[in-house]
Every structure is written in structure tokens, then in C-alpha cells.
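Two complexes, one shared chain (subunit A), two partners (subunit B, subunit C).
Now for the complex of A and B:
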């Protein structure tokens, strides 16, 4: 196994902006986003659809489709800027040292090859291992992801597997070259809850056994609560709050985070009414000045609609882009003490 | 709204008896051979009470949606009975069936594919009125306006086309359409699973409000236990075509009896943190409904199973008090006849179950 470095962040995204440029408008899908991920850490990027979560994932490996363009910023992988690397250098990292798991396993796997072959192909390309050895490695990987009967299953075609097994195969491909970072883009949306549970515990197992770090993209704060160490909450292309998962979920400092938590039903709590977030998501091609959440925010004031809102530290490694972050946090803490959630 | 029927809240509105729905699997090109059945719903019985919201929950392939589709006559049953206000509805045809459809309405999962993009919202909502010839003449526009307001939209929005609405608002239009003909029963099939969190909360609240305002019975099917519990008075938990547990929502939350319900509960990711980690990670996959396991269908994944008892004898759904039903040998052991029929000595089997229970505690 490759020697693991433990110093410094494994991934540091600095001021990343990715825009989609059309003839008549520019959609700012990701706007000035910064975050860090350390070895063995599971970092969540959470938010609703259209917030720019997946574009961050694609930008990290320079896979943004046309007409998307990375406008600026740095993506440092062990201090090396992936945005300034040649395509050939990047190809070695992509799939080898950083791997990606997509949302829908059925469309990510090639339907005409057995899954063992698809894992072996990755190993042959990145590790230069000959055919037989690569096949052995494939079976080993399937075993690692708890695939039942791995020798036999390596010969199976994707359509012969259930959704959960397909997603395990994707992880097996992702893990086959011993990456130190896995970017998982909504990996469990297509899965049933009990199978999702297996997937989450597999991620935890991989992290603790191999020290792999994850960037875990999800729309489900429940998954964040169950799996992730830290979370960045995205809204309209920006990270509006970032911090330790427990901190963010028990003492949310941004009104959007509070809104997300209040909008989901809790088990065993039928009495309290859900509080939906009013209004709709802003058009990312013509964002209003100031805080992008201001039009939907229950506590927005005139100052919120002017100028950039800086990220304000509210705790140890806990930031929120809100002028009233302290007040929001106090209220969150209070309601957490009273009713058990924000 | 006037209510002519003499029935009251709490009376049985729909009764499902021994309902089965098998989908035949065929092979062969020239001569089709019947090679098996997908047992989507396999011998279930329950009652839907008038005025309640009943929730059906379970994972894919458990038969929850099929059950709803059979009740609303979108699928034909393989066997069993469904009666609506005491009348058998599975044999209705033609005019009578059309009449029935006015009473039983459906809200589908995806508000994008269930609205015709070329029709204005108002026309979509008035479609059932046209079909069933309700609210003729000038009353029709008035009714459409009322419905739009009922679901939290404005009268003017009746002129809008589906693409002009956000996802949550589209689901409101679907709901308005379902309510147009004053149905007695609305079947909501995964009403919020295609929506974002904020829109989800809007639709869930709306469903609760509508229920409080109208004299209506709702059946909601969802894979998310939180969603089902939030909406329902009573919950039915299904697994592989069978009902495994059924109870009042609060009762089910406080006292989940079936190991599957317990596992489902811990598997639902909730935003609460810092709770003691009593996670139950179920091993293995959901077996194929083409060839479900013998005995208890859940035994292949159950952590509490009692070897040959659960593998050999199918548990019956038994009332354990307060209308709380469970189908599990750990809750109510099999009867002596069932044990003998499975070739087991009753006393020994009972001892084995008692031992397993102690091991549990």
C-alpha cells in the first residue's frame, strides 16, 4: 500500500468559480467556493438541487461539460494545483488517486462487460498490473466491498446485479487503485434505505481501514448526520455555512441551514408542523446583490441586500455567510435544547 | 360540502381481503411459457377507516404501490376482494366503474410527467369536471378557482402552463386535479419523493391541511418512514408482498415490534445527532419477489430469527392489542397446528422461541 501522508489537507479548494456561459446569459453555478478536506475525513457538501454541488465535484477533476468553464481559483491536491496540470498528468490522478462515484450506477457501468473486467481495466491502466493479477485484484476489491460470492459475481454483467450491488461495484472500481480521496456524488439516491445503510457503513469501514478521505455530495442532511465529519451547506453556488456536522446540525448559524432542518419530518414528531422555506431558488444567471438567500429569508434586513456577505466565524472551524449569524445560532441552540432539533 | 352517506368517521371505507396481485413472467418467442409469477402483493388484508390517513411504507418491491393501484382499479387483482363502502369494486365495469373513479382519485409521484405541458393549469384541473360532467356552465370556472385556492395557488395561476410552476407548485396542481371531483378517497403514490426538501415540506403541510378541511380519506405510499409517519394516523409496513406490521402511528413509533420495522426505523437518516448509536444494518439484499423465501419472508435478513421456526413456518398477522398487528414468531409464536403441520414438536419449538426471546433481551 502507498505510504499515506498525514500532514496538511489532502484537498484544498480555493475561491473556485465555475460558470456556464451561454450566448445571452452566464449561470454562476459555483461562485467563489473554498473548503479543505483532510486525510481520512468525510466532508459533506449538502444542498438542494441546483445549488452547484455536482459542479464542484466535476470541477475538482476538470470534467465540467460544455459550456461550463472554470473561471478561476485553485484546486490543490496535496498542494499541487489540478487546474494547472497537463491533461496527461491529470489522467494519472483521475481514477487512480482521486476517484469518483456517480449517482446512477446503472449508467456509469458499461453494460457489455462483466464487472470484474471493468475493475481490472482500471487496475491495469493505473497500476500496470498484467491481466491475471488485475483480475485477482478485482475479486479482492469485490470482497472488500462485501459483495456476496465475489469470485462468481466478478463474471456477472451489470444488469444481473441489484442497484445496491451495482453501487458496490462502483466503489470497488473507485477503490481498486487505492485512492486517498473519493468524490461521491449522491451515491445512494437510487438505493433503498436499508441498502443505503449498508453503503454508509461500508464508507465508514473504508475510511477507518484505509484512511481514505471522502467528499460526499448529498441533498439529505440525514445522511450527513449519519456519516460525515464536517459539512458545507450550499445555496445558489456558494457555501453558506461550514463546520463540524454536530455543530452545524445542533447550532446552525445560517437561516438557510435552519430552513433545511425545519423542512424535513422527524421520526416520532408529528405534532410540530414543518416549516417550508418560502419562495423559490434564485436564477443563477441574475443573482440579486448581497445575500442570495435574502429574498427567502425570514430575518433579512436592508443591509442583507447590499454588498458581499463575508464568511463569519461563529465557532471552532464553523463559518456562516450571514450578517446575523450569531443571533441565528443562539436561536438554533435554544430550540435544539427545547425540542431536540433546530 | 354536503355528505349524504350515513357513514361516520371511523367506519370502514375500504376493506381489503386476501388480496393477491401476481405479475406473470413469460419466456419464449413463438410459444410463450408461463415460467413463474412476481408476487407483488401476496395475500394481504386490512381495512381503511373513513376519514383517516393510512400510510403504506416499505422498500422497493414490497408491493405498496401495487396495493394502491389495485384499490384504485389501475391494476386488476389476481385474487381477493376489495370493497368500497361495502360494495365489491373489483368486478365493476363500464359506467359503474367510471362512476367509481370519481370517488377514488390518485396523486402520482412525478409532477413533471403527470401534467400535460400543453394544457394550462386551469384546464388540467377542470378535466375531471368535464369527464364526469360536474359543475356545468359558469360554475366550472368558479370551481377551478376554488380548487386553485384550496391548494395554495391563486386564481390567476389557472392561466399558467406547467413549466411556469416550481416543482412543489406542480404537485399542488396535481392535487387540485385529484380533488376536483370531490372524491372520498385519494391515493397518493410517493407524493414528495421527486421534490426538493423545501418543496417537500410545502406539499406535506398541504396534504395535512386538506385532510383537516375536507371530508376525505387518504392513503399515502412512500419509502420514507418519516414522511409516512408525518402524514398518517395509521401505518402499514410491508415487506415482499406481505404486511409485517400495522399500528396507529404513535404506537408504531413507540413500540415497533417486527424486526424489519425496527431496522427500517434506524435506517431512515434523520437530522438528529448525538442519539445513541443503535443502528441495525441489515445484511444482504431484498430477495426476489419471483421466488420469495419460505417461512417468514424476512428470515434471510433478520438478525433475530429462530432457525427452523422462521424458515419453515410463515408467521400470521396477529392482533397484539390496540389494533397493533405484527407478523413475527418472536412476537406471537405459531400455533400448535402450524407447528405440527411444519413437522415440529410444539413444546420444543416453544422452548426454542422462548430462548431466542431471552437472548434478545
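Now for the complex of A and C:
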């Protein structure tokens, strides 16, 4: 196993902006986003569809499709800026040191190769071992992700596997070169709940056994609560609140986070109604000045619509981009005490 | 910790057993093809015709160019000449066997050459995109501006008569068509998520092109190519007819069909017999192409 470094953050994203530039408009999919991930930490990026979560994931490995462009910022991996690296250097990092797990395992696996070969391929890209050794490694990886009967499954084609097994194959590919960071983009959306639970415990197992850090992108706050150490809540291309998972979920300091939490159904609770957030996300190509959430925010005031809202510390490592963060937090704490959730 | 997961929900025991089969790619291809009766029949037909053409000097009952004017236009079943004789009194069976050499070659060789060239061009243009794409595809568009046959004749005429030159010119004429098919397949494969996945795993663009995109694009190219083999046999005959291909009296199925047209009313067998052979072989190529596609694609070969 590679020598594990423990000093400093493994990934530090600073002021990242990724825009999609069309002839007549510019969509600011990611706008001035910063966060850090430490060794062995599971960092969640949560938010609704279209908030720019996946674009962050793609930007990290410089895989943003046309016409997307990384406009500025730094993505430091152990202090090295990935945005200033050559393609060849970056290829060594992709899949070798930072790997990615995509949303849809069925379409992310190449349909014409047995899964073992796909795992072996990544190993060969990075480790330069010969075919047979790579195949052995593939079987070993399948075993690690608890694939039943790994030796024979390695010969199976993607379509011959269930969704859960396909997702495990994706993780096996991701883990095959012992990366120290895995970026998982909505990895469980295609899976049913029981398989999802298996997946989450697998992630925990990997983290505790291999010390791998995760950036876990999801819109499911339930998953965030169960798995992640820290969370960044995204809205309209920005991180509006960031902090320790327990803090954020029990004492949310941004009205959008509060809205997200209220919209999660709780099992066995038929009395309290789900509260949807009124309205919809603003058009990312023509954001209103001020707080992007102001048009939907129940407590928005005139000041919210003027000027940038700075990130305000509301606790230890807990930030929110809201002028009234303290008040929102007080109320969330109160309602958490009263009804068990925000 | 995670328990070993349950087997695939709902999959039958038999399907599971199949999924576990450890065999080489080639063996699986053969296994799938073998179960496809039409493909096997087609392969047998093509194989027989090819063998007959290959061993023509030994199995041909007569010299294909020997004319017995006393037996001109004698029908099918004439003693010693099962398939009859043509307008000059030459044995049709012998000419079919010898003609197979020319016709199969003009059908297969140019398509194979054009197919390989087209896959390469389509792959490069489709995957790299941008300027490379524009240069390759717009150059090929120029070829579409000419009528194909005329272009082929022009190239063949420029190179001079002869089999090899006909094959080259047909290959050139075909390439833009097959390239378009390959290009379209590459473009659609390029947008697939497994390509993004391969990139995220550290593959460079050549690895993506040849390891991931190429195998996913072969099916349409193979099917399209096999369907045009028969068209090429006929086109080759057209060239011969114009004096650009094989020179008389060398036999060629297309030439035989066209030679017979003068006797269509009184001795139809002179055209019909080689016509039936041509249609049968063409169909065999089409069916075999479909069979290849199915057997090459793991999703279709259960």
C-alpha cells in the first residue's frame, strides 16, 4: 500500500468557477466554490438537481464536457494544482490517485467487455503490470467489494449483473489502484434502498480499512446523515452552507438547508406534513443580484437582494451564506428539540 | 460489515450458469454463430463457392473459354453440360466456377479495404472532432458530389484496365459511404458514459478510441459492408462491361448475366443461371453479416 500522508487536506478547492458558455448566454454552473477534504473524511455535497454538484465532480478531474469551461480557481490535490497540470500528468492521477464513481453503473460500464477486464484495464493503465497479474488484481478487487463468487463473476458482462453488482464493479474499478480520494457522483440513485444500504456500509468499510477519503455527491439528506462527516449544501452553483453533518442537520443556518430538511419524509410520521420549497431554482444564466435563494426564501428582506452575501461562521467549521444565519440557526435548533427534526 | 450479496434477483439458474461460463472471446463468438442456422447455411454457401473458385482448375469440367459452336445455347440438362451452354457454346458451369474467382474478389477485396480504411477515418474524425473532423468529412463530401459509378469509372479509367485497378477504384468509391456509417456510430459511442468513465480512469485518447469506441462501433459497419458486397459484384461486372475490368473472354458472373441478355427470350438460362448464383451469394453475405453482428455483440448473443 502507498504510504499514506496525513498532513494537510487531501483536496482543497479554492474559488472554483465553472461556466457553460453558449453563444447567447453563460450558465454559471459552479460559482466561486471552496471546500476542503481531509484524509479519511467523507465530505458530502448535497443539493437539488441542477445545483452544480456533478459539475464540481467533473471539474475536479478536468472532465467538464463542452461547452463547459473552468473559469478560475484552484483545485489542490496534496497542494498540487490539478488545473495547472499537463494532460499526461493528470491522466496518472485520474483513476490512479483520484477515482470517480458515476451515477449510472449500467451505462458507465462498457457493454462489450467482461467486468474483470474493465477493472484490469485501469490497473494496467496505472501500474504497468501484465495481463495475468491485472486479472488477478481484478478478482481481488471484486472480492474486496463483496461480489459473490468473484472469480466467475469477473467473466460476466455488465448486462448480466444486477444494479447493485454493477455499482460494486464501479467501486472495484475505482479502488483498483488504491486511490486516496474517491469522488462518488450520486452513486446510489440507480439502486433500491436495501442495496443502497449495502453500498453505504461498503463505503464506510473502505474508509476505515483503507483510509480513503470521499467526496460524496447526493441529493439525499438521509444518506448524508448516515454516511458523511461533513456536508456542503449547494444551491444555484454555490455552497450556501458548510459544516459538520450533525451540526448542519440539527442546527441548519441557511433557510435553503432548512427547506431541504423539511422536504425529507420521515418514516412512521403521518402527522407532520412535508413542506416543499416554493418556486424553483433561478436560471443559472441570469442570477439575481444578492442571495440566489432570496426569491424563494420566506424570510428574505430587501438587503438580501443587494450585493454578494459573504460566508458567515456560525460555529466550529460551520459556515452559512445568509445574513440572518444566527436567527435561522436558533429556530432550527428549537424546532429540532421540539419535533426531532428541523 | 457488508454480507456477500444475494444472487441476481429473478435470474434463472440456467442464466446464472451461463453468466459464469469461462471461455475465450473467440469461442463465445463461434458458439453464438453456430446456433444461428441461417448464418451457418450462408457460411456454407459462401465457403462452397469460394472453394470451387479456388480449385477451379481441378474441378471445372471444361475450359471456360472453349467454345463449341455446335452446342450454342443448348439448355440446362444437356448431356455433359449440366447447366447448359452460352451464346458462344461455352460450358456455363465451368464459366461460373472460374467467374467466381473474379466476382468474389471484386465483391470482397474492395469492401474489406474500404471497410478498414473507413473505420479508421470514421474513428479519427468522429472521436477527435473539430478541425480533423471537418477536414476528413468535408473531403469525403466531395466524393458524394460525383455519381458513384461515374467516379469509379473515372478512377479505373485513369489507372487503366485490369482487376487490381477495378478493386482499387471500387474501394475508393465505397470509402465515403462506409466512413459515414462508422462516423455516425463513433459519434454516438463518444457521448456514452463509459467513455467518460474510461477518461476518469486515466485512459488516453488512443486507448479510448481503440479499446472502447472501436468494438462498440463495429456492428453497423460490418452489417453495412456485407450488404454492399453483392452490389460491388454487380458494379465490378459493369466495369468489365465497359472494358475496364476483366478482359474478355475471362469469365465473371456479371459479364455472364449481361452477355445473356440478347438471348433472354429464346435461351433465358444463359442469364438466369448466373443471376441465381449472384443472388444466392449476395443473400448469403447479407445473412452472414447479420449473424456476425449478433455473435459479436455480447448483449445479443445469449
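FYI, the second predicted complex is superposed on the first by the 342 of 342 C-alpha atoms of A that agree within 3 Å, B and C clash if a C-alpha of one lies under 4 Å from a C-alpha of the other, contacts with A are read in each partner's own complex, and residues count from 1 in each chain.
Keep this in mind: a contact is a pair of C-beta atoms (placed from the backbone, for glycine too) under 8 Å apart; a residue touches a chain by one contact, two chains touch by 3 or more.
Please read all numbers here as calculations on a predicted model, not as lab measurements.
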Just checking: does A:100 make contact with subunit B only, subunit C only, both, or neither of them? Give me first, second, both or neither. second
Applying the document's definition of touch, where does A:273 land relative to subunit B and subunit C: first, second, both, or neither?
first
Task = Considering only touches as defined above, state whether A:221 meets subunit B (first), subunit C (second), both or neither.
result = first
Query raised in the report: Regarding the shared-chain residue A:265, is it in contact with subunit B (first), subunit C (second), both, or neither?
Result: first
Quiz item: Regarding the shared-chain residue A:148, is it in contact with subunit B (first), subunit C (second), both, or neither?
Solution: both
Counting only touches as set out at the top, which of subunit B and subunit C does A:201 meet: first, second, both, neither? both
Report task. Check the residue A:91 against both partner chains and state whether it touches subunit B (first), subunit C (second), both, or neither. Result -> second
Have a look at where A:233 lands relative to subunit B and subunit C in the superposition and call it first, second, both or neither.
neither
Given the touch rule stated above, what does A:165 touch, subunit B (first), subunit C (second), both, or neither?
both
So the subunit A residues that subunit B and subunit C both touch are 148, 162, 164-165, 195, 198, 201
Subunit A residues touching subunit B in their complex are 48-49, 148, 162, 164-165, 192-198, 201, 219-226, 245-246, 249-250, 259-268, 270, 273-277, 280, 340-342
As the complex stands, subunit B meets subunit A at residues 59-60, 166, 168, 196-202, 204-205, 208, 223-227, 229-230, 249-250, 253-254, 263-274, 279, 281-286, 301
Per the touch rule, the subunit A residues reaching subunit C in their complex are 61, 63, 65, 91-96, 99-100, 102, 104, 107-113, 121-122, 125-126, 146-149, 152-153, 155-157, 159-162, 164-165, 168, 173, 195, 198, 201-202, 205
The subunit C residues in contact with subunit A across the complex are 1-9, 15, 19-22, 192-194, 196-204, 207, 211-212, 215-216, 297-299
